[in-house]
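The two complexes that follow have chain A in common; it is paired with chain B in the first and with chain C in the second.
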Partner chain A sequence: MKMNFIVKSTAIVSADTKCESLDEKRIVPKMMLRRRLTRASRIMVYLADTCDFRDGAVVYGSAYGEMQATADIVGAIDANEPISPTAFQNSVYNTAPSYFSLLHKNKNEILTVSSGDDTSRNVLQTGALQALVSHKEVLLVCSEAINIAKIEEVNRCTDYLESGVALTLVSTDANANVDVQENEHKGYAPSLWAMLDVIDACQEKSECIIALEL
Partner chain B sequence: MQKNRVYVNAYESLSCAGNTVELMEAIYAKKSAITIDTSYMSEHKAGLGSFAPNEFFSSLRSVTQAVLDKSNLENFNNTLLIVGSSVGGIGKSEQIFFKEKSYKNINPKEHAISVISDTLNREFSFSDSRSISTACTSSANAMMLAQRLIGLGAYENVLVVGADALCYTTVCGFQALGVLSTQQCTPFQEGREGMNVAEAVAALLVQNVQRDESIELCGSGGSSDAFHMTNPDPEAGGAIACMQKAIEDAGLQASDIDYVNAHGTGTQANDAVEALAVETLFTHNPPLSSTKAITGHTLGAAGALEAIIACEVIKQQRIAPQCSLTEADNKNVNLPLDATDKKINYVISNSFAFGGNNTAVIFGALK
Partner chain C sequence: MISTDKLKTDLIELFNLEGVHAKEISDDDHLFDDGLGLDSVDAIELSIFLDNEYGIVFTNIAESESVFTSIKTLQEFINTKANN
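Up next is the complex of A and B:
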């Protein structure tokens, strides 16, 4: 079943190693909260801020989740050292959108998708469903933050150790006015590609309406 | 947009209490399947729920095959798979890293959450699949998505699979948070020690057609606490909100709920807040119990496993008693000590997770 959605805003960020200009001090003024944010959380709140989104349902996606926290936990167990409670609480896949909800006191539904290379395609599908159900603007974010020591031992999927893409959707009865083409987005993790396709398709449109499969 | 009615038509599970039949026998007999373990942490005892010697991925396939065998389908080629999992393939990555002190031989695709859907797709060729990972609400959220997609008419068949294996990361991680019980957990008990980490595979076929054995998936709702990463909102705002949304989605009143299957992990924080939420929302004081006293907390699988328990409670018209309870912490909630036969039309099943992620799902007897 395909339904139509207005893409209200979009945002992209990427870096070979670390995104340096995420404007954290302005976006997250409380130092205690800012210090606890994972890299994926910093990317998430930056992208949401760029989309000017604070309140509403969120669908977040990541193929590999919170790599630094996971590496810290497994490393500590292997070294027979204490595990940081903060590392454990930050290791779940919904960490980034949860910090976003804390920051903005957003009490709406949060869903996190992790479907390997299909992650952002599934984020689009799930976000479309949530926009239909909530009748409100929904934030979709997909990011990978894999800048951890020795990642080169396993990284075969991306040139950007930190990257993220975001867009906001609202449902509409109007017809789609762009055709989203599937493309290879060299350098980016495949888990981001489907959302990058949408952003490419919407680049030249003042009001971009896309059809999405639920 | 008009909503179609949604039905749970077949299910199976494997947990430390065995398959679904064995699980329900254990629940009604108040027989915990938790064992006391020192293999994960030699210096600490922990109550854990293991389904060893069954292997996780072969169990995943056999539970899914069992649901197919019980269904009206010849195959899953016209079925959407929605997986809920919080750890995916971390267990295998841990083993490689502990042995080799290197990531080199870790296959990222076998580390990720999607290893579960990949495994099932290879075996059963689903029409499409997606994986939800919101920690301990993962498969409850998968149930919520299944209900919405079938309700809108987007799919005819959705298989929801909740699956999480025991691993060092979760066992030692919960120990680091200071919430593990050294014994079998005692949800809602005064002075309770904490939770038991456990593993399970639970699968439910959700469809748009009614069969004789159907249980209706009537409603669902989600919310965020926006309070703290691990501690629930002490005023229970998020827990109440998700239950209210589910009740409204089902077109019911709170007074229609006949039994509450609690998230009930056995931690001080969760059980106090959940009991407060139930006390506040349900003024008719319905029976409330946590079956995690039998199964332990199966993390991302818990929502699906407890959905099966909710369906069984409706089919058997028998309330699941609260195991391991001698003195309730909150005396204003109705914690049944014995399995009792009762007219049960509607059951609400709660799931709460890190990040303040809350989901409630309502199941109903056929009218």
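Up next is the complex of A and C:
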């Protein structure tokens, strides 16, 4: 079954090694919260801010999750050292949307999806269902932050060690006015491709309406 | 022996206290609440730091609570342990 959704806003960020202009001091003015943010969290709050979204349901996706925190834990185990509680706290897949919810005191539902190369495709489907049920604007974010030591020895999937994509959806009865084509997005991790397809389709539309398979 | 300035610099780095400088922190500033504003996760992080850097392991919570009161109490405790 296909349903139609208005894409209200979109955002993309990427960098070969590290996204430098994430405007953290403005977006997260409290240093005691900002100091704990992981790279994926910084990317997520930046993308949400670019979409002007603070309150509402969120669907977040990442194929690789919190790589630095995970590497810190593995490194501590390997060195037979105690595990940092901050690394432990930051190692879960929903770290980024959790900090987002703390930042904006957002008590709405947050879902986290991780399904390899299909991550953003499944985020789109989950977000579409959420928008359909809630009749409210829903934020969808996918990001990958894999800039850890020696990543070049195993990285074969992306030119961007930090990247993210976001869009907001609202359900509508109006007809779709763009056709979303599946493409390869050179440089980006395949886990982001499905949402990049939507952003490409909406690029030159003032009010973009897409049909999504549920 | 560790100086209070060195300890402050270590804590700024350990807790990623962005924009805070050692000279802005008083020796009597509290580590938690209205002082540096550290929280319970930081307390565990600090315990691990003391173990890794100075081989200090707390045997009871009451002891760590009094040691973690301020920069000065922490510095005095580290130096007392280092001298033993």
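Convention: the second predicted complex is superposed on the first by the 214 of 214 C-alpha atoms of A that agree within 3 Å, B and C clash if a C-alpha of one lies under 4 Å from a C-alpha of the other, contacts with A are read in each partner's own complex, and residues count from 1 in each chain.
Just so it is clear, a contact is a pair of C-beta atoms (placed from the backbone, for glycine too) under 8 Å apart; a residue touches a chain by one contact, two chains touch by 3 or more.
The structure displayed is predicted, hence computed values, not measured ones.
*Asks:* For A:Leu132, using the defined touch cut-off, is the partner it touches chain B, chain C, both, or neither? Pick first, second, both or neither.
*Replies:* first
*Asks:* Residues of chain A touched by chain B versus by chain C: which partner has the larger set?
*Replies:* If we count touched residues of chain A for both partners, the winner is B.
*Asks:* Between chain B and chain C, whom does A:Tyr64 touch in the aligned arrangement: first, second, both, or neither?
*Replies:* Only chain B is touched by A:Tyr64; chain C is not.
*Asks:* Does the superposition put A:Arg34 against chain B (first), chain C (second), both, or neither?
*Replies:* Only chain C is touched by A:Arg34; chain B is not.
*Asks:* Mind working out whether A:Glu81 is in touch with chain B, chain C, both or neither, as first, second, both or neither?
*Replies:* second
*Asks:* Mind working out whether A:Gly116 is in touch with chain B, chain C, both or neither, as first, second, both or neither?
*Replies:* Touch partner of A:Gly116: chain B, not chain C.
*Asks:* Should A:Gln89 be classified as contacting the first partner (chain B), the second (chain C), both, or neither?
*Replies:* Both: A:Gln89 reaches chain B and chain C.
*Asks:* For chain A, give the residues common to its interface with chain B and its interface with chain C.
*Replies:* 36, 82, 84-85, 89
*Asks:* Of all residues in chain A, which touch chain C in the complex?
*Replies:* The touching residues are 31-32, 34-36, 81-82, 84-86, 89.
*Asks:* Give every residue of chain A touching chain B within the complex, in rising order.
*Replies:* Residues of chain A touching chain B: 1, 36, 63-65, 70, 73-74, 77-78, 82-85, 88-95, 97-99, 101-102, 104-116, 118-119, 122, 125-126, 129, 132-133, 150-151, 153-154, 156-157, 214.
*Asks:* Note which residues of chain B are touching chain A in the complex, please.
*Replies:* Touching chain A from chain B are residues 1, 86, 88, 90, 93-94, 97-98, 101-104, 106, 108-109, 111-114, 117-118, 129-135, 141, 145, 148-149, 152-154, 168-169, 172-178, 222-230, 237-238, 241, 353-357.
*Asks:* If you look only at chain C, which of its residues touch chain A in the complex?
*Replies:* Residues of chain C touching chain A: 15-20, 37, 41, 44-45, 48, 51-52.
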